[in-house]
Amino acid sequence: MRIGFIGLGNMGGPMVRNLAEAGHEVVAFDIAAERLAALDGIANVQAASAINQTTAGAAIVITMLPASVHVESVYIDNDLLGSIDTSTLVIDCSTIAPATSRRVAAAARDRGIDMLDAPVSGGTGGAEAGTLTFMVGGSEASLERARPILEVMGSNIFHAGDAGAGQTAKICNNMLLAAQMTATAEALALGVAQGLDPAVLSSIMQSSSGGNWPLNVYNPWPGVMEGVPASRGYEGGFFVDLMIKDLELALAAANESGTPTAMGSLARNLYRTHQATNNAGGLDFSSIQRLIAPHAGE
Amino acid sequence: MRIGFIGLGNMGGPMVRNLAEAGHEVVAFDIAAERLAALDGIANVQAASAINQTTAGAAIVITMLPASVHVESVYIDNDLLGSIDTSTLVIDCSTIAPATSRRVAAAARDRGIDMLDAPVSGGTGGAEAGTLTFMVGGSEASLERARPILEVMGSNIFHAGDAGAGQTAKICNNMLLAAQMTATAEALALGVAQGLDPAVLSSIMQSSSGGNWPLNVYNPWPGVMEGVPASRGYEGGFFVDLMIKDLELALAAANESGTPTAMGSLARNLYRTHQATNNAGGLDFSSIQRLIAPHAGE
Amino acid sequence: MRIGFIGLGNMGGPMVRNLAEAGHEVVAFDIAAERLAALDGIANVQAASAINQTTAGAAIVITMLPASVHVESVYIDNDLLGSIDTSTLVIDCSTIAPATSRRVAAAARDRGIDMLDAPVSGGTGGAEAGTLTFMVGGSEASLERARPILEVMGSNIFHAGDAGAGQTAKICNNMLLAAQMTATAEALALGVAQGLDPAVLSSIMQSSSGGNWPLNVYNPWPGVMEGVPASRGYEGGFFVDLMIKDLELALAAANESGTPTAMGSLARNLYRTHQATNNAGGLDFSSIQRLIAPHAGE
Amino acid sequence: MRIGFIGLGNMGGPMVRNLAEAGHEVVAFDIAAERLAALDGIANVQAASAINQTTAGAAIVITMLPASVHVESVYIDNDLLGSIDTSTLVIDCSTIAPATSRRVAAAARDRGIDMLDAPVSGGTGGAEAGTLTFMVGGSEASLERARPILEVMGSNIFHAGDAGAGQTAKICNNMLLAAQMTATAEALALGVAQGLDPAVLSSIMQSSSGGNWPLNVYNPWPGVMEGVPASRGYEGGFFVDLMIKDLELALAAANESGTPTAMGSLARNLYRTHQATNNAGGLDFSSIQRLIAPHAGE
């Protein structure tokens, strides 16, 4: 299948490799020439010299861009939609504002083009391994058209609802994640300060009503769990900078819909404080433990 | 085995019944005569006419009292310890301040008496069914002595550490629970306000990094899950009043040890606002959903 | 002087009256015909039948619009700037995002047009009495050109800095105001719950380091101060809905610049909860006292 | 007049000097011998070799102790009250829990002794200069007896209400102060991040509804105001450690009375984070600016 792919960053690059490896013919584009060059010599991958070359004859066009402004700019301001055939399925994998996804999807629909928002979780590791999770907004039928391609890049595919719903599901999930990671870090800090062993306390809470994803697979206290960022100085994983981006998308949506989000807002503010005070933007988001217990694990 | 049991409220009452049903001889006491009277005619249960009668010849003395002040008053001010033989094992199942547990346990130790703090979770349902969870502080050896009796009343027994550690584990767990219940309620409110189906969003987050105990078994959005308080007007379950009690114990411990607990404190304040504004003290704690989305489920 | 004035709502209407009364010739426009009609028969006021009529021959063009989107739409999308002469001074009195003010001012500058952002405080009362406060962004020279006209409508004029600085000053001030109003309401609630007289406590804090504008002139506890919204059921004053609008502008700017604003965010969330739970959008913002102490003053 | 004075720390020491300088005969005591020794050779000051020597023949007994536990221990556990004549007036200037003040005052009343709680603000500077503020709880008549002595040590004397009301007034005031200092620091950080001059923004907010005590006399942004801690590296002033102590007293009282204090709690948590992360316990409390804007003033 011929696939146009725009946006070859840390996520888009490995996604293209997986598509090509699965035998699809990928026409790729990025405004950064070195990213395009990095795909040189990979079988089934062809570098486009202009963004519009990605769409010609493509069964599917995929974008993986940094923010709302880029998605709107590419599809609408630069009228990529104008170069896309109505037989092409468009999948935007960027994490952006639900409102922007809805606007771009509506513009696509006006031209008779099917479009999905399909933001991912799983990080660069998931992109490389082809085990991403996709949260998809758009019609059931479009999702079924996309499924074989999404399955090349990921292992979990959720249909969240109509256009924009993929974005909403992702930012709701990540807002909850940020809050429960921070609350987990607080509970561990309090327990340790009162004399408990962090591994014992983690194990008790994991089996009790405090149980959550961080305690199951991503414990923030250094040394409690092997192979997680907390046990390697919070290197790798999901960056604080990116968690903040998702939190701010969630809070912008909350402003738009008038939803109280006191816990989500607090998480954003603690992460911003952590980012600035501990120069933590490039650390894994479980490093919020350090803001709460600066000497955790020492 | 002869067991002294003090405190026959909503929790203590059914705990006594289970002990008696298992064949133990229970000498029970409560300052409220009607609670004592409620045990009339139950085989193996004998009402004590004074608190000190519970301890004579008892292999185990159990207390289940409302707050720190009662535990300290019973054991120390009224010198119950003075009437307890050194061969007796003392188990305090009340949820109280870790510092109080440590103080009372130290007073017991000074008299050569073994004591455990063993607060429970599982609510009145768990007390009746004998499926409580015990979080135990004290020596390993004392816990092994207590285990056969605890197993009559509960199904999960965790050893949290030394004296007071059971209390600490419980309040850490419940602080985390309050925060993640509230954050879950926010994520659901945001998703629904942006057009998502709460059941679809719940299912996506449950399988993703937002996964937690509330999403697994205690969803706060009315109608998403059958048989939970949210689907019966938040009746029954674990009362807001009791969650606030536990949060305030946790925050007092956090003050004592200088631990930042911004999420836990915020949860306490939202629960206090919910309690006062929505007259919600006697509703299940998942009703915090109503503070965040007053028309949830309508 | 000939003045074009666009936006004749609760604020714009009385501002036009004051300008006309001071002898200026005002050409007014609003998309709502009834608002235009409401100015019928006022000396010196002429209704424009199209928005572009307001600019012809005007020495000054003033806009007073609800939100960023309207300002951007009027000046740029509908190209009002294209109909404005370079000799005209443009003053936007709307409260909008600083980033939008900067963008519109830059578009004006590109066409050789001087523009100021000059959001106001003082409410409809201040608009009617001509005692508004203006917080002005733009060049010193432009402000001096505007000053005689601003002085007709207001009594305090602050120069905050370059384009957008007026907006920034206003949203910073209102974010601080929301936080200190809420904190004042908490301090009063705590004092009263501990047995103090709210008037006595107010007077002590006012003379101490807790002193602030709310305690000086806008006490939120019913009955402490005469003539304030708190003493008339929180009617009139500055609506909760509008405070929320300003808070959300502030928080959007904070996201943009990465500033931690935990107190401001919390104030926003408490106001959103108050708005939804107490149906308080149309009450004065000091009614946050009711969220914190539902029976305050009873 | 003969005055017994117990507690000769940074506050008590200079208070004794002022009393002695005003001609009163002070019998002073502290458990730390070096503090007693530091008063050697001061006219009118006599060192007591035991705490009970301070009360014999004293018209007034004053205590200035670190925390609730010390006040309760001195007056009740060590029965200082038992050595005090009913003609003596007792004034406790410590900042402690209102509930403790009420309990100790009740114990005094039971013995026929008049007692006031009279915590101070104004810091060591105010203690030295004799310009402290006293917030007094107790009867009007007792306050009138105390007034001449309080006026030697302070310049503002507020009658807050009955026993414990002085404590309540102080902790309410300081909770509000912590919240508005933090909110002021946020507003300044946001304004500066958006390009404003901190002095210009401070001056605008000071004259507007954002006006408060910090903006008037204690601006937290380095360089805006001369002679304040912010302009000397946050040295001196009112320590973060002490602000946290007062916040925790306030929050304990809020727990006791069920008052929602979301802003006060958040301030406590930000101060605790600041204390731990920036090693800021010994800095002035306006240094919270650094947690919010680490490079403020650079």
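Residue numbering begins at 1 within each chain, and the chains themselves are lettered A, B, C and D in the order written.
Just so we're on the same page, a residue touches a chain if its C-beta (ideal position, glycine included) is under 8 Å from a C-beta of that chain, and two chains touch if they have at least 3 such contacts.
Keep in mind that what you see is a predicted model, and the values were worked out from it rather than measured.
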Between the pairs A-D and A-B, the one where more C-beta pairs touch: A-B
Rounded to the nearest whole Å, what is the centre-to-centre distance of chain A and chain C, using the mean of the C-alpha atoms as each centre? 38
Between the Cα centroids of chain A and chain B the separation in whole angstrom comes to 39
Whole-Å gap between the CA centroids of chain A and chain D: 50
Multi-partner residues of chain D (at least 2 other chains): 258-262, 266, 270, 273, 276, 291-293
Testing understanding: with touching defined as stated, what is the shape of the graph linking the protein chains, line, ring, star, complete or other? complete
Which positions of chain B touch chain C when the two form their complex? 262, 266, 273, 276-278, 291-294
Complex interface listing, chain A residues touching chain C: 248, 251-252, 255, 258-262, 265-266, 268-270, 272-273, 275-276
Spell out the part of chain B that touches chain A in their complex, as residue ranges. 98, 121, 133, 135, 156, 158-162, 164-165, 168-169, 171-177, 179-180, 182-184, 186-191, 193-197, 200-201, 203-205, 207-214, 216, 218, 250, 253-254, 257-264, 266-267, 270, 291-293
